[in-house]
Amino acid sequence: MTDAVGAGGAAGGAVPPPRLREFAAAVLRGQGQVTFLPSAAAGGVFCLALTAAGWEYGLYGLAGTAVGTVTARLLGAERDRVSLGLEGFNACLTALGLAAVLGPHHLSTALLALAGCVVVTVVTAAAGNLLGPLGLPSLTLPFCLTASAAAAAAPGFRRVWHQGGTPAALPRPAAGPTALGAEDLARGFLSGFAQIFLAPQWYVGALLLLGLLVASRRAAAVACLGNAAGIATAWALGAPAAGIAGGMAGYNAVLVALALCGVFLPARAATLAYALLGAAAATAAGPAVAALLAPSGVPVFTWPFVLTTLVFLAAARSFPRLGGS
Amino acid sequence: MTDAVGAGGAAGGAVPPPRLREFAAAVLRGQGQVTFLPSAAAGGVFCLALTAAGWEYGLYGLAGTAVGTVTARLLGAERDRVSLGLEGFNACLTALGLAAVLGPHHLSTALLALAGCVVVTVVTAAAGNLLGPLGLPSLTLPFCLTASAAAAAAPGFRRVWHQGGTPAALPRPAAGPTALGAEDLARGFLSGFAQIFLAPQWYVGALLLLGLLVASRRAAAVACLGNAAGIATAWALGAPAAGIAGGMAGYNAVLVALALCGVFLPARAATLAYALLGAAAATAAGPAVAALLAPSGVPVFTWPFVLTTLVFLAAARSFPRLGGS
Amino acid sequence: MTDAVGAGGAAGGAVPPPRLREFAAAVLRGQGQVTFLPSAAAGGVFCLALTAAGWEYGLYGLAGTAVGTVTARLLGAERDRVSLGLEGFNACLTALGLAAVLGPHHLSTALLALAGCVVVTVVTAAAGNLLGPLGLPSLTLPFCLTASAAAAAAPGFRRVWHQGGTPAALPRPAAGPTALGAEDLARGFLSGFAQIFLAPQWYVGALLLLGLLVASRRAAAVACLGNAAGIATAWALGAPAAGIAGGMAGYNAVLVALALCGVFLPARAATLAYALLGAAAATAAGPAVAALLAPSGVPVFTWPFVLTTLVFLAAARSFPRLGGS
């Protein structure tokens, strides 16, 4: 994968000092790592995409990644992990998740996001130490744990929760038409990329796909196939068209496909088939996670991706046909 | 344990080719493994019992076991595991579970059961790889995970869910009389065996008990004692008589007793006492699991058996009196 | 830590036989271990404190610890663990938890508490065997698991449940004033110690603090700082003043601070800062656990302490600055 280390240096005439450049590159790579890309160029495009969703989101994402990266370095985490952005992406998503759940314009949300990015760094270390010996990556599990805890706790704190009632409710059966038009399909496909960063806008997704293309054409292709498998599964099972058009069917599928074909398993025909089975399973698991969390008022976040990928990776060792080239 | 390898060959005059016979034996053993019996004879009787509950259930169970066995072989799972039926029983239960939750007569249910049997094979491999190094078996955990996810997700998909509302509800306190008559006791005892395969009929349970007897008289005796311990516990705690008569008190207790006395711990007086304590604990845990899953609309399945047995097996290492002969 | 082995012998003129004295000391140490103190003197003061909350609670606590200690010895658990009280504290809390949830004056509650103390000893062994290889302690996880299962199951059994409706409900947003007066603060600080044993009275907390002081001044100081961090966090986030005054903000924070500074990590400036971050995180996690368990009718118990401490301990290995002196 191409990795534009000096991306930060191209912005102005005055070249920043090396340590600052290095830090900026680690932060941008942290943004790229949300889709497993240790690429500062992709991270920069992702940053633009978030800003297109709203300047607040661009800021929360970038500041979150920076706070996570700094916290990890202060706590003495491994330099290589920090430099590759592996200590940044969960903090990026945690900041975005809190902004989405609590509203980005409250001072309380900004302070909580700051605290959340510190805590998620601790959770990342814990998850790495517990899953590492099992040969499993921690993925976005630290984000899911931290953001879910924050979302569940928030209505219990009056200086944090400004919405009135809580979103806690018993799950209801799906309603609304299931027929998909061409526009639904196109919007759903692009929004599937945007939902990875918790944004619903199709044009944000288009920019994110561009970022993937910039860093790795193969990753972009796998992501598109995963997205298509997710949408096809959701349509076949009868998910309401409005949800598919909003990108809810594709975002977990994209991440599962990337993880299982090219990142944690080699990119081959057999792993691509396995990855698409995983993408379909994660899409079917989406409403399951929603039903389990709804009574507590917690959003789905990327739980379906995390759980499905961990199961499929833990299983892969038993299937020699998926092994190394 | 006796293991009638050639059971498939006795059915007709024309002897089937060896590979087909071998496969048929693996499938029948897979049915037997639901109660830890690698016995094609027991599996054959279990198959009859399910057919007595309804031809659809016989078909779902047999087809589920076959699909799981084939999938495991195609993915390259260990031949010994496949041959002993260890790759079949979770798929058998998954197919039956989806038929029970979604209704067996819809084409969508049949297709989903097919997909579920493929996915549960992956989950089985993952559970084995994660629990194996801890010295723990995966039991019916893969079935519980897959069927619970499917049951939670189903109301979110309109082509899959044909019942209208969802079963999601806050748990309610027990109601109804607790006095047990002789008929309640007899029906509850037999239905306790039937509920292992998610069937409520007492005569199905009688056939299943016959299958246990065919394969191993000791296993049948342990199962009966576990069942009795479960019923006694439920009665003492004040479970409604209707639930006990329906077999809800006994099915987890039977499985816990079998697992802890004779399968994963040696069959001895000390382990029998331990197994009956476990059977009582699993029976008490039944309504706990129900209360935890009810708000998401998920049935109890065999979660109480799985969780209790894993705890009691993990603990057993600390208690030298339960150890090897 | 000072450990008054002969504390039991000072009570009367007639000296009890050595084995009984040893057993009594193990039981008192078991009470002390609720706050990680293998001190019979502290356990004795804790016993008085519980009796101040009500003679029933003193009895449930002491009998629970005794039953757990005896069960562990009968099952053949390690002598050292039994002698240090490590097999008693989860049983102590389980008995108190069942008394609090089911009402202490029913015979059914007393019998269930007895059974619960036997079962929690098995769960303690399982948790130790599974967490030990990961380098993690089992803390009060066995109590939380057993008491949560019992609380969730209880309304399903008519001879056990005497309250009518169940406490299961969807979580609601916090209500009530958040301004803290001096009296709220003082009551909340003391009640924070009392809630460790599920008691709400400030004077019970004052006695428990005295017990901590008797055993270890450093532990008492760390506990006070953790309590203050918890209260400050809850106030800053806008928790209702009534909850803080009832001790709900402090009890998990006290336990987290003790665990992370002096018990499982060395007592140093860096670990104190880490412990106070953990105390704040556990306080924020309190309403999250409440929201997740509310729909099933399960109280929070010490889940926030257990989960936060396990995460922070698992993470600590990655942060060399927290390591051994």
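By written order: A, B and C. Residues from 1 in each chain.
Everything that follows uses one rule, which is that a contact is a pair of C-beta atoms (placed from the backbone, for glycine too) under 8 Å apart; a residue touches a chain by one contact, two chains touch by 3 or more.
Only a predicted model underlies this, so the values are computations on that prediction, with no experimental measurement involved.
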Same vs different contact residues, chain A with chain B, by half of numbers used: different
Rotation angle (°) superposing Cα atoms of chain A on chain C, nearest 5: 120
Geometric centre distance via CA averages, chain B-chain A, whole Å: 37
For chain B, residues contacting two or more additional chains: 170, 295
Touching residues (chain side chain A, partner chain C) in the complex: 75-78, 115, 118-119, 122-130, 148-150, 152-161, 164-166, 168-170, 295-298
Partner chain B, residues of chain A touching it in the complex: 134, 170-174, 178, 234, 236-240, 277, 280-281, 284-292, 294-295, 310-321
